[in-house]
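Both complexes shown next keep chain A, but they swap its partner, so chain B is in the first and chain C is in the second.
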Partner chain A sequence: MNAPRDLPRKLRVATTSLSGCFGCHMSFLDIDERLLELAHLVEFDRSPITDIKHCGPCDIGLVEGGVCNAENVHVLHELRKNCKVLVALGACAVGGGLPAQRNNLDVAKCLTQIYRTESGEVAVPNDPELPLLLDKVYPINEIVRVDYFLPGCPPSGDTIWKFLTDLLTGRTPRIEHPLLKFD
Partner chain B sequence: MTDASELPVLLDPVLQRHQSRPDRLLQILRDAQDVLGYLSDETTAWLAKALGISYAQATSTRDFYAFLYRENRGRYRILFSDNITDRMAGNQALFKQMLNYFGIAPGKVSGDGLVSVDLTSCTGMCDQGPAILVNEMAIPRMTPQRVEEVCALVSRQVPLAEWPAELFVVEDNIQRADLLLGTTHQPGEAIRAAIARGRDEMLFEMRTSNLRGRGGAGFTTGIKWEACRNAPGVRRYIVCNADEGEPGTFKDRVLLQSYPGRVFEGMVIAAFTVGAHLGLLYLRAEYRYLRPKLEAYLAEMRAQNLLGKDIGGLAGFDFDIEIHLGAGAYVCGEESALIESLEGKAGKPRIRPPFPVTCGYKNQPTVVNNVETLCKATEIAIHGGAWYEAIGTKQSTGTKILSVSGDCERPGIYEYAFGVRISQVLEDCGARNAIAVQVSGASGTCLSERELGRRIAFEDVPTAGSFMIFDAQRDMFEVARNFAHFFKHESCGFCTPCRAGTALLSEMMDKIAEGRGTQYEMNELLRIQAVMKASSHCGLGQTAGNAVADTVQKFRPSYERRLAQTDFVPAFDLDAALAKARQVTGRDDAHAHLGAEA
Partner chain C sequence: MFALETAAHPETLRRIAIDPVTRVEGHGKVTLLLDQDNKIHQVRLHIVEFRGFEAFIEGRPYWEVPVTVQRLCGICPVSHHLAAVKAMDLIAGYGPLTPTAEKLRRLMHYGQIMQSHAVHFFHLASPDILLGFDSDFTRRNIVGVALDHPEIAKQGVLLRKYGQEVIRHTAGKRVHGTGAVPGGMNKALSRAERDEMAKDIDQMIAWSLGAVHMVKQLHETNPAFYNVFGDFRSNMMGLVRPDGALDFYHGALRAVDADGQTIFDQVDYATYQEVLQEDIKPWSYMKFPHIKSLGAENGWYKVGPLGRIQAASYLSTPLAEAERQAMMALGGGKPVHGTLMYHWARLIEVVHAAEMIRDLLNDPDILGLDLMAEKGPRRHEAVGVIEAPRGTLFHHYRVDDDDLVTYCNLIVSTTNNNQAMNEAVRTVARQYLDGKEITEGLLNHIECAIRAYDPCLSCATHALGKMPMTVELIDADGQMLHSLSRG
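Moving on, here comes the complex of A and B:
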């Protein structure tokens, strides 16, 4: 892919994994040697790739995972605040995914059931460092406005590449069969 | 609870009445429910076995229809019509009054199993609302006094048949009569005229008249009849679509109540023209009260040789009409869903083509016409197509009956030649300060003040007949929200754009109503509506977003005043979502909360 001639600067991209398995990030790395090409076009802000802890103004934010706890909410708000375009990357961000399997259970019952000693004493960890769980796992679009949804568990490297190159060249992203998959 | 051993005694007569025909499953389920009050899994399994069909087939029909109950809903099942016009007439307060009287929650049965009270979609009494149904029998013009009266009758367990007849009086309210409503009906005149013309000439007259269907789609009736006549088939059928479910429409109710001769003679003429031997009138459950009168009228027609064998003395012209009752499903107004329902199945629209004219009821050539369309055929039989074609406008010939309701002095039935201006109708019905008119029901068009000069005609504003008026004190956002809820409830669930789209629109409208909407939802409403319009399987989904889209465009401030200032707000309280985890951890520190700016 060639960089658009009139592109004034590299686009800044932030990525994060909320309540996800990092599978979408792994899939992102599956674009393989095209990463080098991508590096000519974008620079990374907050991302597991850079290990930057907080995000500054960005063009694109890729969010993997749903929202399961208070920290996820903070991170998601930070990305939304800083990114012009926010993308729900993968099944969990789009719909809650596997972690949302707990949504038909009561979170309080869940915690007291699990954090219980053999003698039946309940001791749910309560260190302020630990983010509290939300009552349910939410898809990110129920917490913030989302511009694009990229389904798949995970979306393939080719799908992510097609999506990003569309976005970078200014085309409205269109993912179609066989790249568009929900599994 | 009925003992399983009693089922044969109770239900054998029902099966006999319908010759144990599986294709009459819906009618059998209806009659069985009349006997037992509801259709338990056990009852349904017994019926499935008796009919030789699978249990799944029986339950799929039972569970599709709003008026068929799997669980006991009480001996008196009361439903409040919840169209926007009922709301404007104050149905919510009356609904609460009745719930309070019995001390029950909406949709829940009283402890003694006596009564349940719930809401239902428009029952077609918009000119005399608020209306209720008691075991499907319509009671219009509800007031606090009438609620008291009904509650007392239920408490005293007076059988419905012994309730004062005055409660059930449904008025015609004909405010303006023209060609159809203002002419005296001579029984048999139209049929004899059609027979005198002969089949070919009758069809020619139909085509000349350029009569278009009155159910909303506006397809040319003559072409439909001709296609059915020419389609290869063993038997042909005439179906009268009296599933008048579009919110705000009640003209068919009046035609069936006071002009049944025209409707049935229209069916006979259609049968004569296309060569059909059986006609089916699909009557919506909400109009069940009309059935005895209609059956009596059919018997009278048989006695006069206007139905039965050798009709009008014409050897070999045999035709009869059966009445089928619906069970509370708006989607059955769609012709292929209606045919599915006639065949005893869940009313899910078929894939078209093939169209019913070639592959309809029992996969045979079938004409499905609206009640009003069939009445028009009698006029054409008597006076000829050229005469008819001269009335109205070029593409919309003849007259159209409007069901006028909402904010006006004289709601009711108005018949006009096509081409009448909206402003003329408003003047005639005494509507002052109208800010909007919803034409052709929830699926139709919302016209604003500056469009009142437009005309009722297929060329301009097409309509199936609903005409709901809103004046300056009304909030058009709430009107659209009512319609969004309606479509969410009535979507048959067959295709995703409609099933998911109607739910998303409805939830987004609720979110905006709660003050949690933003510009994002405003954009989403239109985007989702566009997807539904382009990709839904049938007309329901294609039009379900119209009212929302129209009001977003024409009454935007009524949405905007409800929007939150921020970019996006969740539909729920984020901090409250942490409450349970806070409780079990015993934490209340700053990190254990999500503030507004979280």
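Moving on, here comes the complex of A and C:
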């Protein structure tokens, strides 16, 4: 599977991690040497691996992680607004993933249990700098329209590479069975 | 009361936020409060997410935990995998591991140290060092490094790949594998896999030594800057063997003060709650641990590369130990504390990890087939501790007769560094930003200080801990109004 050469212009790619563990970003880096090749084909916009803090117009947006607080909602909207194609990358973005196990718990109870003193006094961090928590962890398609869903925890580097090179060459992305994993 | 932590009159000040902090793993932000002369009154590193992992792990079967806890962090999943499985070895009643199982786990762990340190140094931090702290921010990333320094970028990518392949061969998957099970390992290493790793290891050792030398040379070009940037004194902690050598997989706790004098040594990590304590502050979800006997004000410490290689007496492999000696010579017999020294120390650890991998691959036990320990009586409670890439990592569980977890407490490496990182950003703010017109490049100095610690804010937001803790209510003049504790 070779990367396309001589694209008319570099495509712009934004990536973000919402309520994810960064494993999907690590898996992206698992394309190994192909990362150096990719550097000739795409430019990165907002991403945890660049210092661009807000998204400009982009071709592709990759979203890792579900939505657990108000800030995640803002970031997700920012990406949706700016990206022609938005991709839910990995189990958390697709369905909430492991963090969504907190959906069975009452978040207020959870907070008071963790930030409580022996005498029962509650000291939950509440500074205005801390974004509001949502009652549940949501998959990103419950907040915005999503163009592609890439399952896996995380999807492998090879899966991400196949997907991206398909998109970069204008093919409809097709992930065949051996690369399509849900674990 | 820590200087610059809380401004007396925040309402009169201007706020600047670095949000999100980039080229670190996970989510954090920094806020600065300044007056009209740009004098800085307050600097805080906030951890803005809450996930409550410990709460939802309760009620799950214990044997699931070593696999699920990895989802705390995709950068150091192996560390969580192994810390949890070390606790579950005891809970499930297993005796000492077989030599093969222990060596396979160590191999996996050193692969992890290598890949995590490589991704941090080359993919995340090197743009600051190679392109400049205040270089064009649109190019200040791994792609910029790849274009300007293709050979360095290539070596970084391949060092990381090697570490990831070691993990894949031992854990089954590069990210979130399943190799370790309570009592041992679930897969032996084949000769073909061993040979594939062995063929490249000398190259990896050479490249990692080259990276240490590169940082050393950079240091020589501007020692004043590298020694002084974010330099502050603090205690340090790490795991050591009985003879004082650093051990990443298993050992006892040692803490030393800023001059290298012992605070405690050979402390059984199962008793961590007797030596450590945590504080909470209203402006961060991440707690603030400290050494109990010294109190919150004086008891905080550094973990991770710079802390542990100086807390330990030596490194057990020759090339890495020689480099450690060379770095410590700068302090003339005393530990060094400059924030940027973290990078140097981290790369020394990559050399150490590579040497350990070579020795393990040459060890005949590594191809053994005896993977499971003997089973003895079950236990209800256990602690597993490991030196993760970012520092000492604690996992503590209780499990009931139905195999379900009833209690889970995690202190992740980055939480151990919470106060130290806050001190680092305050020191840098004082050194480079105070009274100046704030520019993007200056703000990046703050991020460079955070990056040096290689914080994993992802781990830190998942795991909040249930340690004994104190809450202090302090007024604007630093007077304690009220204090409560749980313990």
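Following the convention adopted for this analysis, the second predicted complex is superposed on the first by the 176 of 183 C-alpha atoms of A that agree within 3 Å, B and C clash if a C-alpha of one lies under 4 Å from a C-alpha of the other, contacts with A are read in each partner's own complex, and residues count from 1 in each chain.
Assume contacts are C-beta pairs under 8 Å (C-beta built on N, C-alpha and C of every residue); 3 or more make two chains touch, one makes a residue touch a chain.
Quick caveat, the model's predicted, so the values are computed rather than measured.
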*Could you check whether chain B and chain C clash or fit when both are placed on chain A?*
fit
_First, second, both or neither for A:Ala108, with chain B first and chain C second_ = first
*Which partner, chain B or chain C, touches the larger number of chain A residues?*
C
*Counting only touches as set out at the top, which of chain B and chain C does A:Arg174 meet: first, second, both, neither?*
neither
*What is the contact status of A:Glu33 with respect to chain B (first) and chain C (second): first, second, both, or neither?*
second
*Mind working out whether A:Lys84 is in touch with chain B, chain C, both or neither, as first, second, both or neither?*
neither
*Specify the angle subtended at the CA centre of chain A by the CA centres of chain B and chain C, expressed in degrees to the nearest 10.*
130
_A:Leu132 in the overlay: touching chain B, chain C, both, or neither? Say first, second, both or neither._
first
*Tell me which partner A:Lys53 touches in the superposition: chain B (first), chain C (second), both or neither.*
second
*If you take every C-alpha pair with one atom in chain B and one in chain C, what is the shortest distance in Å after superposing?*
10
_Where chain A meets both chain C and chain B, residue numbers_ = 107, 111, 125-126, 129, 131, 133
*asked:* Looking at the complex, which residues from chain A come into contact with chain C?
replied: 17, 19-27, 29-30, 32-33, 35-36, 39, 43-44, 47-53, 68-69, 71, 97-99, 101-102, 104-105, 107, 110-111, 113-119, 121, 123, 125-127, 129-131, 133, 153-154, 156-157, 183
*Within the complex, which stretch of chain A touches chain B?*
70, 73-74, 77, 80, 106-108, 111-112, 122, 124-126, 128-129, 131-136, 138, 142-145
*Can you name the residues of chain C that touch chain A in the complex?*
17, 19-20, 22-27, 29, 31, 44, 46, 48-56, 68, 70-75, 77, 119, 123-124, 137-138, 140-143, 146-147, 150, 153-154, 157-158, 160-161, 164, 173-176, 280-285, 444, 447, 456, 458, 462, 464-466, 469-471, 484-487
*So in the complex, which bits of chain B are touching chain A?*
518, 520, 567-568, 570-572, 574, 576-587, 589, 591-594, 598
